[in-house]
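Residue numbering begins at 1 within each chain, and the chains themselves are lettered A, B, C, D and E in the order written.
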Amino acid sequence: MSLYGTDLLALLPELIVVVTACVVIALDPITPASRRDLLAWLSVGALALCLGLTGWQISVENVRVSAFSDLVAIDAYARFWKILLYSVTGVTIVLSLPYLKAERIHLGEYYGFILLALSGMLVMVSAVDLLTIYLGTELMSISLYVMTGLNRSKPRSLEASAKYFVLGAFSSGILLYGISLLYGLAGSTKLASIAGAIGTRGTDDPLVLIATILIAVGFSFKLAAVPFHMWTPDVYQGAPTSITAFMAVASKAASFAAFIRVFVEGLGGLKADWSILFLIISILTLVLGNVVAIVQTNIKRMLAYSSIVHAGYVLVGFVAAGRGDGASGGTPGLASVMIYLAIYSFMTLGAFAVIGMLRKGGMEGEEIEDFAGLAKRQPLAAFLMLVFMASLAGIPPTAGFIAKFYVFMAAVEAGLAWLAAVALIFAAVSAYYYMRVVMVMYMRDPNPSSVAPPGLVTSPALSFVLACAVAGVILFGLFPNPLVSFALQSVLTFK
Amino acid sequence: MTNSFPWLSLLLVLPLAGAIAMSFVPESTARWIALAATLADLCVALPLWWLFDPQTSQMQFTEHVAWINAPPIYYSLGLDGISLPLVLMTVGIMPLCVLASWNAITTRVRGFMAMVLVMETAMIGVFAALDFVLFYVFWEAMLIPMYLLIGVWGGANRLYAAIKFFLYTLAGSMLLLVAIFVMYYYGGHTFDILALSQGTYPAQLQMWLFLAFFAAFAVKVPMFPFHTWLPDAHVEAPTAGSVILASILLKMGTYGFLRFSLPMLPDASRFFTPIMVVLSIIAIIYGAYMALAQVDLKKLIAYSSVSHMGFVTLGLFVLNQQGIEGAVLQMVNHGITTGGLFLCVGIIYERTHSRLIADNVGLAAPMPQYATFLVIFALSSLGLPGTNSFVGEFLVLVGTFSWSKIATAVASLGIILAATYLLWMVQRVVFGVPSPHHLPTLRDLDQREFVTLVPLVLLIFWIGFYPNPIVSRMHESVTNTLASMSREKVAPTAHPSAGGTAPLLVDSDEQLEIQGGSR
Amino acid sequence: MEQAFFFYFACVIAATSVLVVALRNPIYSTLALLVMFFHVAGLYVTLHAEFLAAVQIIVYAGAILVLYLFVVMLLNLKQDVRYHRQWPMAAAVGATLVIEAIILTAMKGSTTPAVATDAETAIGGAGNTAAIGDVLYTTYLFPFEVASLILLVAMIGAIVLAKKDVGEREA
Amino acid sequence: MTVPLSYYLVLSGIMFLTGVVGVLLRRNIIIILLSVELMLNATNINFVAFSQYFHNVAGQVFVFFTLTVAAAEVAVGLAIIIALYRTKSTINIDEFQLLKW
Amino acid sequence: MMTYTLIPLLPFAAFLILGIFGHWIKDKAHLVAVPAVVVSWLLALMVFFDVAGGHQTSFPLYSWLTSGLLDIHIGFSIDRLTAVMLLLVTTVSSLVHIYTIGYMHRDPGYARFFSYIALFTFSMLMLVMADNLLQLFVFWEAVGLCSYLLIGHWYDRPAACSAAMKAFIVNRIGDFGFMLGLLLVWYSFGSLDYSEIFVRAHESAGEVINVLGPFGGTWDVSLLTLICVLLFTGAVGKSAQVPLHVWLPDAMEGPTPISALIHAATMVTAGVFMVARLAPLYNLSPTAMTLVAITGGITMIVGATIALTQTDIKRVVAYSTISQLGYMVMACGLGAYAAGMYHLLTHGAFKALLFLGCGSVIIALHHEQDMRRMGGLKHKLPITYWTFVVGSLALAGFPLTSGFFSKDHLLVSAWSAGPLGQCLTLLGLVTALMTAFYSFRLVFVTFWGPSHVDPHHADHVHEPSNTMTLPLIVLAMLSILTGYLGIPEFLDPLFETGAAEATHEGGAAIGIMVAATCMGLLGIAGAYYFYVVNPALPDRLASQWQSLYRASLNKWYVDEAYDRTIVRPTFFGASELWKRVDVNVIDGAVNGVARAIAWGGWLLRLTQSGQAQHYALGMALGAVVLFTMYFFL
């Protein structure tokens, strides 16, 4: 075994990402500003390559490959998330390009950071050791802190960065403390060992409980679950829109991936405990997220609350996985979580893309009121937004409905029909604020006093990607079979 | 019976294709495209009337294609004697909606027509779906188009009305979704409506499911305490929107009760019958009484819809053949009659730009044809014998009578009230002297408007004088529904976690006896 | 003897931590932290983690803390006028946590960690530098690389954030 | 070993809580970061103590990585602080309230 | 069969043609309508002789509605009762059609008017030919609709519109009972066909229903009584019996021809017809019969007392109609169906005559209807005058007129129906006195004495065109002739089970005949004294008996009472309930939920203070809560 040759081969896509990141960073100083697009395309190309590689891995032999002394495991579960992450990162880069130019923060490092954050996420989704999970999380977070503050000329961007950083450090401290206790419990940070230790020691140990709660708190912060969500609106609002999209989508997906891995693979023995814990958190999340989202006037902030709410729905699926004692043993719940996040990613990305495209007198149009009359000015953009909003609200035949469908189906199977009912009632509440955007776009006339709005900030590639996103949102709504079977197949990892 | 030709898919696809075509055509041809699409749909649907075999209770024109593998969901369509009239009514009303919007809609015509066409697809889908999830998808797919129809092309207070409509109906149907899932797990892991109708569910569970169904369907109908979205939505919607809303959308609630609540949850249905009947009667009387107080034409008709739909729910929940057939017929009737009334209001609104009764007086002199139509629709609405509504109401009352005489008596009072508010409306709008201020704008119907109204009038009298063809197509299906309601009571161990037995169940009360077989 | 050391280090660590939080002058806080770092290093030594003790002093005290001091000086920060207004709440939360931790421990019995050791990382006797070095480049090669990426991000990030002319580069 | 493991846990618990309270209490971002360092050090003590207890080097390795991460965080954090200070001439975090509600 | 079908179908065809093409036909409308109705009349005549020859038939046309056990056809049943009704309807209708040509000349709604009366004729024919209750009900309502449309013919007159609506709604109230009765019939007998009902009714004669059952009480009522009473409610509405008589006088706002056709001769008699049609049913329920008889009796006297003082020429006749309908209903209630029908037919003739005569006067005076502004017209309108006198004599029961025979027959039959019948007969005699009085009051005030006609028109007053006088003459002849046709004898076989068919037991019969004749003559003499000999007397008496006079003039304040107790509270309650309950409570609750959620949003959003440390505190608090939760698990 010459220096982990097989391990490296298993991690080839990740390596490509990292290498591309380094190349981009290295090339940045010697690339003239006018040619900086090339860096973006280079990154997109690398991502496409990774996507292809991972897809190939899946098609050839979708089995678990443990690498680097069992610190990471490339399995079907990880590959699902990787596919998702590669795609959303690619989309993010495409939608960033015109946006960054318009905001005059088109830096080559930007792509480097995105790729490095992505590599952190990739580590997270395939890590089976708390150490690697922690490091992946930190890699992702630190990149995001920086990217949040990238638009330094705007005080909001920096303020968001500072808040994100302070609270992020705080939460990772909490997470780490929990990890240290788990280590003290099992003598190892490997999830498998922890599961074993919990199996032998029972669940009554105070250390176990404290550790579980601390880890839950640390992850809940990343997932933006109430009451650990409060950074989300501020950061989402302050960060450059493309980064907000990236955070709302990729970081959430990766965090959920790691989160599920930790709680199912590592703390699976504590199902009964943590399912109640997350049950409460999910209800809180749904209630607070929806209710507060109603009164938002800034669309990014509104989408931040929306992302909180969607985390709540995903948690419902997760709780269902924890509660599912039937023959299926929680797999429907986990599969539903994966389906949900995949769909959520594309609809949210789409919504942010439209926001990023919208300018108001050269500035970003962020207030919901800025959308007034969009249907008249930019019918296509308005229609796209309509589709994304409908999907976020979970109205068939969009994919958002399919997402909710599986989550609540899993909840009902797990005997949580009442939870599904509560959650769905709040889904009706959520329709209010999504539909308000539609209302403003379609039913209000543009404010006559405002500056004549310039055209949309877009590019052919972005148009293409958006078209794909809309098509995806509708097609997955109509024909969810591929996604569903992919998720079901991936979740078999936990059987 | 399977039919090789995919009639129903064609019905669904045609309007949708029209809607998609809207994005490629100029604004000016949008109307023609929409008209062509709806008329083509009508042409496709009409043969079904004759192809339909009234001798069987089986679903006809069925299509069954796998849609989602896990859980098994099928693209499953079919019609029986209950859904056939509703589908035909839908495709019949839609061209009229397009025609009614011909001049009324001047902005974003393409969008408008596209929304109308999408609505058509969704509504046909609701009536034709044989898979619960498919049904739900169609059911919900209507929300956004309707929301836009009200919100974009509606009246002054349209934003409020649109969002109210949207949220109200959405909140109700969310609970339905949960119920669908529960049905899935208890009903043998299937979403097939026919299979679920044969399933057995623990009594306690049935109660909960019934309530969840009720939340969705009662809002849509709308039944008594959930009706307040209707006046707002009706008043603010454009004419075509009001017509679609009143004629077709409201029927989906009652259709839901009939297709799902009754056959799937027979015990709960029987248990809740008294409550449902009382609510229906309240709706009949209350809606009519409220209509009496209205000064806005559309609001008046909206409240009258509440009242008329009360008859439909009343007929459904007396659980006998006459009641249910009357209810189905009354659904169709209400679609025709109230659709006509809304079209009339739309026509006058185009002229005077007011829906207030006080602004539209004395139309008989300047607009005799219009007045004639309005009076005919009003008479139909008040259930004059010889018009369609009488037949429906009569059947419902016949059905109700064997359930409770007092209920029938009280419900009949609604007919008196209906005469009062409608004739009072006619007296104010049609009779009297028009205000000279409006006189120049009050020209009589043009050909397009005439063509819009005539089919409805013909239907009114056809059903009024010869209802048997339409009613006889329902017999088998209704009998079948009732038969499935009387199937074996449930084994309490249908599901591991279903501990509840049936203490809440009423014993087979004399009044609840199912008619049709043994009297 | 070990216990005496422990109590000494523990007391100083606890006291200096409180001082870090309590002192209003940032420089004093930083210096208190410095003292704490040294004592933590001492504690490590008693735990036979000499390598870490060294790293603690070199990295934490030598690099990180100096960086802090540098920034404090650079920004010429004055004494904090007051604590955050939410201090009563914060205190209450802290107190609750303490009480809960105590009750939890007392109620559910003391902790006896399982002795389950991974073969790869087991070390005989004391944690010595060689052993750590060995596992770092074999077993923990992957995290090591990830850590390097973290440092890379931090480096570039710090530059991007702190350099002055970011906006102008485009022009 | 004569010092019971639980002593270390208590010590680290105290440190950790002090750090938490510090985060909640102090307005100066730098001090908040120092408090976070307290929390991290508490963690490290845990790790090292457990590592010693298990005779297992994994804990020490973890501490090593924690230190690395802490250094990286500090670098980024201080950069943010400097950038903040440039725009607002203060680093009291409660004075940054552009983003709220 | 074709013949039978054609009788109603011809007017219907006329209606369709006029309804659809009326816009183009306009002034030629009578060319369509009149032939249709006249042919219809001829056919009816054929049928009459056919039936008189002993032919009876009953056949279904088509199956209207089936549902479960419910099976209803549209079908015809032709027997003697039907035959005479057919004859009455087509005859009067034909004459009125002809009369209308002149009366509605130059009216903008000429074609519309014809189409409506054609529709009415059709509906009325279908009603009388019905072989089942539902068909009866359908056309029962249809004639009501025609009445509504025709009363409101002059839709620009608010009074006409209100009257139309009132007529319809009051009728609806009656029909409410009819409908329930009909449902009860179906529920109890399983069929709505007359023949079936009669058979089943005998079988279920003893059944009782606990009316108060649903409310926990006990009040057993015979099933048949309940059915009969409910069905009779419909008749009360349609035949303008107390207390639902209020619509008929107001209906006089419509054009006079339809007052003659609908509100005197045909439609209002539908109630009487219905009771007669269902005689086998009513015969089984003495209680219901008593109720019917008493209702008729009360109506009879109430109508007459009001008619005494009215000043509107048509209203006098209208109240007289109510009163005469009371006679018929009373007769039916006493089991004297043939007598009732007899009076129905004669009344149809002379009352149509009176109305048409009124119409002539009104047309001549340019739509003046107030008697006090008439007078002295007998020379200017000789034909009208003489025909009117004939009609009035018949109404007053003057010997040898048709009214004399029918009223006498009716009273004699009533007398023989037991104690109740005898009481009512006495009442009938009093009414006969008043009838004679007011009918000749009308004659004298209108045609005799000095002229009070508006001087503008006084010179132009002249006899109307031939199309109007011809029907008057024909009807005048009929008013006399119908008395000699032997109608009771013709109808008797139909009601062979009639409890108290007149047996003309010697003395009583002659006594009543004498008494009735005396009453009639006394009334005429009184009217002559009051309005010709001593014209100041009525005013003096009026001021002397002011309260009585006022009450009569104001129709016993029934309208006012309804207005105060029912109409106004209903409308007021509706708007109050709408504002208070629907808008405030129900919608308020809906909006309240929405507002509460939004308010909660505003409140909760305050936690998002923008201060990072508040957020950190939130996290810490969350952790505390989670820890605490674990204590309790």
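Keep this in mind: contacts are C-beta pairs under 8 Å (C-beta built on N, C-alpha and C of every residue); 3 or more make two chains touch, one makes a residue touch a chain.
The structure presented is a predicted model; accordingly, all values stated were derived computationally and were not measured.
The minimum number of touch steps linking subunit B to subunit C comes to 2. Listed by label, the chains touching subunit A and subunit C alike are D, E.
Across the assembly, the chain pair joined by the most C-beta contact pairs is C-D. Chain B has its Cα centroid nearest to the centroid of all protein Cα atoms in the structure. With respect to subunit D, maximal separation of chain centres occurs for E (centres as means of Cα atoms). Look at the CA centroids: the one farthest from the centroid of subunit B belongs to C.
Per-chain CA centroids place subunit C at a distance of 101 Å from subunit E. Centroids built from CA atoms put subunit E at 96 Å from subunit D. With centres taken as mean Cα positions, subunit E sits 77 Å from subunit A. Work out the mean CA point of subunit A and of subunit B, and you get 42 Å between them. Shown for subunit D are the residues in touch with two or more other chains, namely 5, 9, 19-20, 23-24, 27, 32-33, 44, 49-50, 53-54, 56, 58, 61, 65, 69, 72-73, 76, 80-81, 83, 93-94, 96, 98-100. Residues of subunit A in contact with at least two other chains: 131, 135, 138, 142, 145-146, 149, 152, 161-163, 166, 170, 174, 184, 187-188, 209-210, 233-234, 429.
Shared interface positions of subunit B, i.e. residues touching 2 or more other chains, are given as 167. All chain pairs that count as touching, in label order, are A-B, A-C, A-D, A-E, B-E, C-D, C-E, D-E. Of all the residues in subunit A, the ones that touch subunit B in their complex are 375, 379, 386, 390, 395-397, 401, 404-405, 408-409, 412-413, 415, 417, 420-421, 424-425, 427-429, 431-432, 435-436, 438-439, 442-443, 479-481, 484-485, 488. Partner subunit E is touched in their complex by these residues of subunit C: 84, 86, 89-90, 93, 96-97, 100, 103-104. Note for the complex: subunit A touches subunit D at residues 131, 134-135, 138, 142, 145-146, 149, 152, 155-156, 158-163, 165-166, 169-170, 172-174, 176-177, 179-181, 183-184, 187-189, 233-235, 237-238. Per the touch definition, subunit E reaches subunit B in the complex via residues 23, 62-70, 134, 137-142, 145, 148, 152, 155-156, 158, 160-162, 164-165, 168-169, 172-173, 176, 179-180, 183-184, 186-187, 190, 214, 570-571, 573-575, 577-579, 582, 586-587, 590, 594. Subunit A meets subunit E in the complex at residues 162-163, 166-167, 170-171, 174, 209-210, 213-214, 216-217, 220-221, 226-228, 230-231, 233-234, 273, 276-277, 280, 288, 291-296, 429.
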